[in-house]
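So that you can tell them apart, the chains are marked A, B, C and D in the order they are listed, and the count of residues begins at 1 in each.
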Amino acid sequence: MDWGKVKFFLGEVFANLTRNAAMQLTAIGSVAVAIAMLGTFLFVQRTAAAVSDQALQQIEVSAFLSDKRDLKADSGLIARTGALPGVAHVAYVSKAQGLKDLRDKLRGEVDTSLLTTNPLPDVLRIRARHVADVPAIADAVKALPGVADVQYAAKTVQRVMNVLGAAQRVGLAVIVLLVLAAFQIISNTIRLTVYSRRREIAIMQLVGATNNYIRLPFIAEGVVAGSLGAAVAVTLLLTAQHELLPALAQLITFIPFPTQAPDLIPLALQLLGAGALVGAIASWISVGRYLRV
Amino acid sequence: MIELRNVSLLYPNGVRALDAVDLKIEKGEFVFLVGHSGTGKSSLLRLLYREQVPTTGDVYVDGIAVHRMRAGAIPRLRRNVGVVFQDFKLLGGKTIWENVAFALQVTGARTKDVMRQVPRCLDLVGLAQKSRMFPSELSGGEQQRAAIARALVNNPKILLCDEPTGNLDPSNTTEIMELLQRINTKGTTVVVATHNQAVVDRMRKRVVRLENGRIVGDEERGFYFLGLGQGQVLSG
Amino acid sequence: MDWGKVKFFLGEVFANLTRNAAMQLTAIGSVAVAIAMLGTFLFVQRTAAAVSDQALQQIEVSAFLSDKRDLKADSGLIARTGALPGVAHVAYVSKAQGLKDLRDKLRGEVDTSLLTTNPLPDVLRIRARHVADVPAIADAVKALPGVADVQYAAKTVQRVMNVLGAAQRVGLAVIVLLVLAAFQIISNTIRLTVYSRRREIAIMQLVGATNNYIRLPFIAEGVVAGSLGAAVAVTLLLTAQHELLPALAQLITFIPFPTQAPDLIPLALQLLGAGALVGAIASWISVGRYLRV
Amino acid sequence: MIELRNVSLLYPNGVRALDAVDLKIEKGEFVFLVGHSGTGKSSLLRLLYREQVPTTGDVYVDGIAVHRMRAGAIPRLRRNVGVVFQDFKLLGGKTIWENVAFALQVTGARTKDVMRQVPRCLDLVGLAQKSRMFPSELSGGEQQRAAIARALVNNPKILLCDEPTGNLDPSNTTEIMELLQRINTKGTTVVVATHNQAVVDRMRKRVVRLENGRIVGDEERGFYFLGLGQGQVLSG
């Protein structure tokens, strides 16, 4: 191993970065903007997924209990229900409580004093961990002894699942588009920096450098520019998360934002990797364009 | 060492720079290439390090059929052929030291050798003091000498010099020509395209004369003499 | 007027564009990507605004009519209500119809056969044109003769207005950010194209050209690159609208997409103008950087 | 016309290119600037069209105090001073015709004049045939002649030529020097920095001699003669 060569190589990369500082800074800026946009959208998408997950846990299955059941088995029934796969929470609502709730619900709209008899059964209110499990849970509960009937907002569940599916597909499409856009912007930027040095590339060839020898420093520069740009973008994103999200959470109280820092770490690493990779690929291709003899 | 057989070169814009040129240069020769401006001297040299491919005809350099070599083999050819370009072609982003070192590094030379050879060559052309400067910080003649140093640094088998003294004063010119002669004595084939009548007339080497892309003269121990008396008007 | 000069100037701009075709195409590509992203977001935001407007018209004000009112005045009351500012639609629901609706609503949850008496009043159901008008409409209706009480989902209205306000602010922030990002990308791109010609600029100065003389063709090129890029972006957007939106509308049935072409025309013109303007400004600034002596 | 008073030029990298130079050139003079490579000839010329500002001292050109003129006035100065740059400085993106025309167009010349003057100047330097080519398609000497045509095209009051014949053969050199002399006869002040001993010795004009940034000689009707006998070795 000739350490002198390694030193020369690193020195060359560093020298090119600093001697073309204005150009490199411009390139890094463009990379940062592209990656920040991509990162922002990925973050929004992840937040939205978390939020919708949380919101959808509100959808309930109501199990109406038979009046003729063995009342002593109720606690066992509740336990068995809670143990069903996918169930997040089970609440027992007696017929008395149910009437009180209904009265509250209808107050003002209906003269509730007219409701003198109690037409309601005892009810188990069951929440699922994921909407997708709701139909299966309803079926399982219906089979339990003591359960007269089971009800849930079947139409709403269907609708929500449709929406979620569509949102996922649209989100994926947007991400693919944004990834393409970021790639385009980064590779265009690097292509221009290489373009401005095409004369240098031609001279290197004339002096006897192989294509790989010429490429290597450019690729190293692309990697450095790409990852520095990504680092700037990630710093912006982390700062935004720390400074803006709490303010935003106060403003928009109906969305439970995940505000813990760890959320962004894997995303940040992915973005850094993407920046470096795109930088390398873009340099490779761009230099190749001027290497054809 | 160098052989051109019935070589013609037609540029894309329609200019016929070389026209049925036959030329043979043996290993260890020292050859001057003379002719009016735009007559094809640089074009001829470009064929020898494969910057240009002949439109028709064969070009052999150091036993290689340059006119039909594959792209991957070009760097190896160019490492054996040192070139002083008419427009210098220094890398503006590198210092003089780095420019000269680059030509050695591409050959895969050991760092130890780079550290020894580069200062030696810069010293030969009188640029030891300016090695840390960038080309834009040098005078025209200094840039030209840097280009010469770069062409010498990896001890090429063939040295092609395109107007190597156009920006040098007579004393520097003498020194550079003596340097080329010493290198030639050690076995390197040297081809110099030049307009410098004094140099050609003093050194009395083989002179190949081009006119409109054709070879119109080839003399051992020749003089510069171009066309009808024009050269003599100036020598007075 | 020396037409030769104009011809020379235009020829110069055209020659520069074609002789540096690779570079100019790259620049145009970056501009197109930046503007397409901006345009997509603006379009999404406008669609969302239209959709939410439509969705919010569902919020109703219920006016409970007094049992002791003059029944013959009802048609006049309905007309007066409909004439109130901001009212989009008024529907009369008799107590009989109301009981039927309630029965349908409670069916399955409550033994509706137990509802033997009708506790409900006659009701006017009023829809507002904009949510923001709902409270004012409620107050106005309450003052009308024959109206016993007025009710609307006050909390929901408040909540929706909060959400709308927040969404507007967030949307505005995102647009500002995207505009900045697009500006950055475009001006970085043009800066790099100018950078690669800094030697030319220096030579022009040495030959006696004034700064403005040097700037003019660059600015013209920036305008051409900017508006060509924007034109590409707009073409993409219009194609997407024509080809993708119908498919998307089929997929996501719950959002009423506005699919008419005219929607995008002013947006397209704005984007074209923005591209040209940013191109001009970016060229001006970038060239200036290399004009300092 | 041109006056330097106690001018020194220190480049940012610490090189002292000019050292206490005093020089006066009258309107209509023809002056050769000679000296070894790297001795400050190009630097001196750069002061006259304000590419460089003197570190100390005053520079007057055509009555203007160049050392303290404001940036906005520079283009006007440069239009009165035609320059043949040592490295040509042609615009690579423009054809030869456009390069020459550019120097005229910046002065606000009428299109009619541009259409007449440009071909005339290209003809003077023998490039009429190549006017539609780009600089990269020309030989070294052709590029040099294009640079000369550009410097002449707007009939400047002062013509500065930095090594204008370094890439030209003797017959072309003779023609160009005769051209410069004709222009000088019509009243243009001409300053030529050169290493071409034959030209200087034949033309017998005023010779200003630089050495290490200082003026060490200034003769009417002088010879090239540099240092101790070096010039003579070559003239043999």
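Heads up, the rule we're going with is that a contact is a pair of C-beta atoms (placed from the backbone, for glycine too) under 8 Å apart; a residue touches a chain by one contact, two chains touch by 3 or more.
Keep in mind it's a predicted model, so treat the numbers as computed, not measured.
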Neighbouring chains common to chain C and chain D, by label: none
Whole-Å separation of chain centres (CA-atom averages), chain B against chain D: 27
Whole-Å separation of chain centres (CA-atom averages), chain B against chain C: 67
Rounded Å distance, chain A centre to chain C centre (Cα mean): 24
Pairwise touch network: line, ring, star, complete, or other: ring
Pairs of chains found to touch, sorted by chain label: A-B, A-C, B-D, C-D
Chain B to chain D touching residues, read off their complex: 11, 13, 15, 34-39, 41-43, 86-87, 133, 137-142, 144-145, 162-163, 166-174, 195, 197-199, 202, 224, 226-227, 230-231, 233-236
Residue numbers on chain B that touch chain A, as the complex places them: 49, 51, 71, 74-79, 83, 85, 89-94, 98, 101-103, 105-107, 110-112, 114-115, 150
List of chain A residues in touch with chain B within their complex: 2-5, 7-8, 12, 15-16, 19-20, 197, 200, 203-210, 213, 293
In the complex, chain C residues that touch chain A: 22-23, 26-27, 29-30, 33-34, 36-37, 40, 62, 102, 108-112, 114, 117, 119-120, 149, 151, 159, 162-163, 166, 169-170, 177-178, 181, 184-185, 188-189, 191-193, 195-196, 248, 251-254, 289
